[in-house]
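In order of appearance the chains are A, B, C, D and E, and numbering begins at 1 in each one.
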Amino acid sequence: MITFESVTKRYADGTVAVDHLDLEAPTGEITVLVGPSGCGKTTSLRMINRMIDASEGRILLDGVPVQGIDPPTLRRGIGYVIQQAGLFPHRKIVDNVATVPYLLGWDRKKARSRAMELLERVGLDPALSQRYPFQLSGGQQQRVGVARALAADPPVLLMDEPFSAVDPIVRTSLQDELLRLQSELNKTIVFVTHDIDEAIKLGDRVAVLRVGGKLAQLADPKTLLAAPADDFVQEFLGHDRGIRRLQFVSTEGLRLRTDLTVPEDSTAASPEPWLLVVTGDGSPVGWRTGEPGGELEPFGTFRHGHDSMRTALDAALLSPSGYAVALDADGKVAGVATRQALDEALAEAADG
Amino acid sequence: MTWLTSFFGWLGDFFGDPANWSGTGGIPARLLEHLEFSALALLLAAVIAVPLGLLIGHTGRGEVLVVVTANLARALPTLGLLVMFVLLLLGTASIWPVIIPLVLLSVPPILVNTFEGIKGVDPELRDAAYGMGLRGGQVLGRVLVPVALPLILLGCRLSAIQVVATTTVAAYTGLGGLGRYVIDGFATKDYASVVGGSVLIVLFALVVQVLFALAQRVAVSPGVSRRLKVR
Amino acid sequence: GGGSTGGNPLDTTSAAPSGSASGGGGKAIVGSFDFDESVLLASIYAQALEAKGVQVEEKPRIGSREVVYDQVKSGGLTIVPEYNGNLLAFVDIKDTSVTTDEVNAALKQKLPAELEVLDSSPAEDKDSLSVTKDTQAKQSLTTIEDLAKVSKDMVLGAPPEFKKRWESRFKEVYGLEFKEWKPTGPTTADALKDGSIQVGNVFTTDPKMTTNDLVPLEDTKNIFAAQNVTPLLHKASADDTIKTTLNGISAKLTTDSLLQMMQKISVNKDEPATVAKEWLTGNGLA
Amino acid sequence: MGDGPPSLWEWIGRNWDTGRVDSISNLLTDHLVMSFMPILLALVVALPLGLACARWRWLYQPTSGLMNVVYALPSLPVFMLLISVTGLSQTTVIIPLAFYGTAVLIPAVVDGLDSVPDHVRQSAVAMGFTPLRRLLAVELPIAVPVVLAGLRVVAVSSISLVSVGALIGQGGLGGLFTRAYQNPFMPPVITGIVLIVALALVADGLLVLAQRLLTPWVRARKGTAS
Amino acid sequence: MITFESVTKRYADGTVAVDHLDLEAPTGEITVLVGPSGCGKTTSLRMINRMIDASEGRILLDGVPVQGIDPPTLRRGIGYVIQQAGLFPHRKIVDNVATVPYLLGWDRKKARSRAMELLERVGLDPALSQRYPFQLSGGQQQRVGVARALAADPPVLLMDEPFSAVDPIVRTSLQDELLRLQSELNKTIVFVTHDIDEAIKLGDRVAVLRVGGKLAQLADPKTLLAAPADDFVQEFLGHDRGIRRLQFVSTEGLRLRTDLTVPEDSTAASPEPWLLVVTGDGSPVGWRTGEPGGELEPFGTFRHGHDSMRTALDAALLSPSGYAVALDADGKVAGVATRQALDEALAEAADG
């Protein structure tokens, strides 16, 4: 657990970058600091490992004030990942990752095998270990950066816009990778970004800062979207807030109808306005109206219980039926969520 | 191209004269002297300038000093400085009146390049190093220096070029080395000696260039020089 | 080296003369080499000529002999103060004349038609091997021959190029072999004084001869050629006024007076022109 | 004339303008000529060569390799070797200095043209500039700061290197050094060094000024940008 | 009208950047080329003004093959806007804008006054005209880039990712500005982007290219979202396709109920589950249940007839009532769109 107790940072030129910040980053969770440029995110983060020293207030690491710890020692116990990865260009990938173990005096062989293990863990081909950083793509470098921060198995990880220099597709995969890693490792992570979508995707808790270094709101992402504390936060969250909230609503409770599917060769009429045509092994083919014959209409799908209500709603909107097709884990049709069922679930979500 | 034939004639006269190959005035001895003076001056300059450059680049203090010396250094006339020191330290009858200006002239390129090299290291890298718990000295030694090495070596190379040239000029004030052939040849109207000496010095300078290029290859990490092909 | 192949650019007229042949119109152009004594001598010539009503232009410190000689030859310069021995060596490096008369005779013969030398003055500025009075007394040295006995223990100081020029000649003629040849240049006299060398090549008109208590050893075998101050002229541009004036100067100029004048220049750093003026006035030449 | 050597100022006063070729003012003029000519020559040679190297990239590698070699050549031996071709004249000093200058300027010209952002070049093409007009109106003006930075280096080192020419009798103010060495005396040395450094600084200053005038868009960068 | 007739571009190294492309960019419309990095967008665009020459096929400008026109002349008649604006750093803004007029030999005064006029047209303060490019923000520079391209009033405008280097907020305003300008000027615009959202927002027609330089689909944005031609296009369109389609559905026909508003001081009970509390001058305050008393619940709004169904749906999802508050042009409550009304409108949209 990292605790900010009324922490203020005033730079030599008088800029107040952080202003009486109170914050807790609970153990084993990802706490995201988000806010517009210059709001003091980096400053706050760097006060944790004493790259910057606070002007007032205290920062505690599991109850121990960091001020009392020799900075290099402190830092060796805290992983730190930054934007351009900050890899040492003169060292091979494996040695980059093993930097902190070397510093801690591990023997070379052990440090390297640890490094190799980590490279694999962050999803890199071990063959890359003998390359130099410039021989890697931006996304690969960023993964190495994460591996390096994890090398000595520090309980705490500080990440300062680690993914903002890579293109959107790679960024998504890095984010997914981080979530997967975290589910295995349960580190205490403080993550800085200026991208609210990233904050909402990654954060167990999101701290929105405003320029001047004041905390505007600290909440879990769902609450943030549902109840922004003020206009600043609301504006910062951007459009589609209502729709995005649905991302945190599970489709588990969504009532499915299983009586609306018909096999491909069925020609039976039905009083139902829409029927889902399904192949023999359960894959959806398209909607038809109660009357057989005519073109099949397009459909949208979601994975029941796994995808969020946002996906279910989108699936419903993709078909003229307004019904969403629910699939099970194997991609077979599990049922159909009608408009009524969706409305009910949405109403429930809005209440909760 | 008659001068070309004469040129080779002079070269033949110079290198063909067995007297030029032995004794204290022989080519091997002169070469060794030249090497000695140049190496001594360069070494002293490096010993002064590299740590100073590292310090200034690392702490960011004293930048103005570096910039000013760099500008002034280029403007300082080698010969004037030599004469000045020889006159100032008249009578000490040692090589120091000549070595000191040699060192003075070769400090700035090393200093400036070392400083620029260290200062120019990506701040992110410096940050990452500190962030991982390296101490100041470790950051300098394990990260900044290896990364700045190409520039530091470039500074040394520029200084070496300068030292070799200035050692030649310093023969005018009585220093040994290959410059002797040129200066004495000129004074005694022995143009073969002038040509031979000049060619030797030019070759010497080129060899120094090549050596530094090699040193660069050996010393600089391929990750920094990006020598390896990107696969 | 043999110097047999190709022309020597330092020794021939291969360099294009840069002065224009402007000697006409009765104007005398007085040039000098790029060292103080030559400037002084040229200044003496120039001021004396001016006093005689000749229109004069001074071009001091033109450079080394190779440049100056060409300019006189082409008429770019009318007069230059020369040293007969060095001039002869320049014109014919193999000539072995030694005494003033021999040298001047050889010169008359070997100079090209455009050039002529006037009367040599008794004033000489010669190479020497000198020692301190102390050394002289201790080792009882008066001639270079005496030196042969002790030279193996002595360090010789001289301009850097001296060794190249003299090492073998010394051995041949006097049997001299030195422990070390130290390149000293203008600091030779001082090096003698502070003992870092024992024998030095000091010019006979170097004022430090007296200030540093040095004595030149007698050149009994005449190894150093005569170096009498001798005006070199471009024949076509010099008239009789010029010739008689310069000969008048040469008659009065002595090694001693040259030494005194150089003393003022070297020690007091007086301007050669001023020193020249003083001498001319003192000798009733201007 | 008093006894003892003159002070620095006395010495300068006596020698400043004697109307003769060895006066300080004359040496200064010679020095200027011998340092200015190489700068000019270097510019005249390096500009087209640099343009060629920028245009035909394959030329650059060998050219810059060669220039590296040229730059490494010690000046005195080069002067000496050149005597056999050009004699003991100012040309002998000017030519090698011009080569050094070229060695510095060619990369400067290439870097200068490289400093033209690709998007700027592309948009010039897209707007219908013909190649020559693009070079003159867009690329060269933008290259000016980098080229001038190179020119500053060339000017300063040219001015200081000329003095080595004194060893072959063609050193401009460098003549003061050989004179002072032959007749050991400090004032000429001091005068020579100070004048050369001053000359270099003035030349440098003028080039900085030229840069400011030629490139207001660079100067303004440091001013108020609001 | 710009016509690509089976155009192929093969680079010297063998890369086929564009492969038998057939395409029409109709006069007066914005045609957007979109696709992943390296799919040949830039290459296609530059073949129009002959920055690159096609290897095979023809490109016609109003029926005239561009191959027959001298490149500089051709280019002076085609505006070109690129990512970094490509402004000449050594020229003042006004001279930058007047570049093509100068090239065309207009007299200086006329060229400048035209430049000033254009600066105003793209929404820049005329005072900026005397600055140098670096003194402008990225967004301002981009506007100057547009002004410069328009200077000689060319009928055709080529734009290569013109807005991708500015931050999202500025980008939005530049896009809006472009749409406004186009509504006045009716240029034939070919616009390149890799951002599908931008393509959908700006394009009258969108051409999706796949790597290798083949056309995957050419359609208007609505059709694109509704009926992607294949999996590649569908994946490229990304998530929320159903929701994003709603952007093209107007709220004009949305049925509003005006009987659900109550004044702030009303305490009357009602059989309706939700009532919208409204101030005296018609601003919404919050939802209350039929029973008076208790906290007011949050609400979401949309501008009726102006905003799209996407906004209306989002507004509905923001409140527990599931009703969206419709505002008129003055920001006063125009009525309430109930869940039923929304469902109807959505079903209609899905059908259409």
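Note that in this section contacts are C-beta pairs under 8 Å (C-beta built on N, C-alpha and C of every residue); 3 or more make two chains touch, one makes a residue touch a chain.
Fair warning: this is a prediction, and the values are worked out from it, not measured in the lab.
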### Task
Quick one: how many steps at least from chain D to chain E, stepping chain to touching chain?
1
#### Entry: Contact-richer chain pair (by C-beta pairs counted) among B-D and B-C
B-D
### Task
Report the chain whose mean Cα position is at the greatest distance from that of chain B.
E
### Query
Among the chains, which has its CA centre at the largest distance from chain D's?
A
### Task
Let me have the rounded angstrom distance from the C-alpha centre of chain A over to the C-alpha centre of chain E, please.
29
### Message
Taking the mean of the CA coordinates per chain, how far is chain C from chain D in Å?
### Response
38
### Summary
Taking each chain's mean CA coordinate, chain B and chain E are separated, in whole Å, by 61
### Chain centre separation in whole Å, for chain B relative to chain A (CA means)
56
### Query
Which chain C residues touch at least two other chains?
9-10, 66, 185, 187
### Message
Quick check: what residues of chain B touch more than one other chain, meaning two or more?
### Response
3, 6-7, 10, 86, 90, 172-173, 183, 185-186, 191, 194
### Task
Check the chains against each other and report every pair that touches.
A-B, A-E, B-C, B-D, C-D, D-E
### Message
Can you tell me which positions in chain D touch chain C when the two form their complex?
### Response
1, 3-6, 11, 14-15, 18, 20-22, 83-84, 87-89, 169-170, 175, 178-179, 181-185, 187
### Message
Which stretch or stretches of chain C touch chain D in the complex?
### Response
9-10, 14-16, 18, 34-36, 39, 58-64, 66-67, 185-187, 265-271, 273-274
### For the chain B and chain C complex, residues of the former touching the latter
2-3, 5-7, 9-10, 12-14, 17, 20, 24-25, 86, 90-91, 93, 171-176, 180, 183-194
### Residue numbers on chain A that touch chain E, as the complex places them
167, 227, 239-243, 245-246, 298, 300, 310-311, 313-322, 339, 343, 346-347, 350-351
#### Entry: Parts of chain D lying in touch with chain B, wherever the complex brings them together
68-69, 71-78, 80-81, 83-85, 153, 156-157, 159-161, 163-164, 166-168, 171, 173-174, 176-178, 180-181, 184-186, 189-190, 192-193, 196-197, 200-201, 204
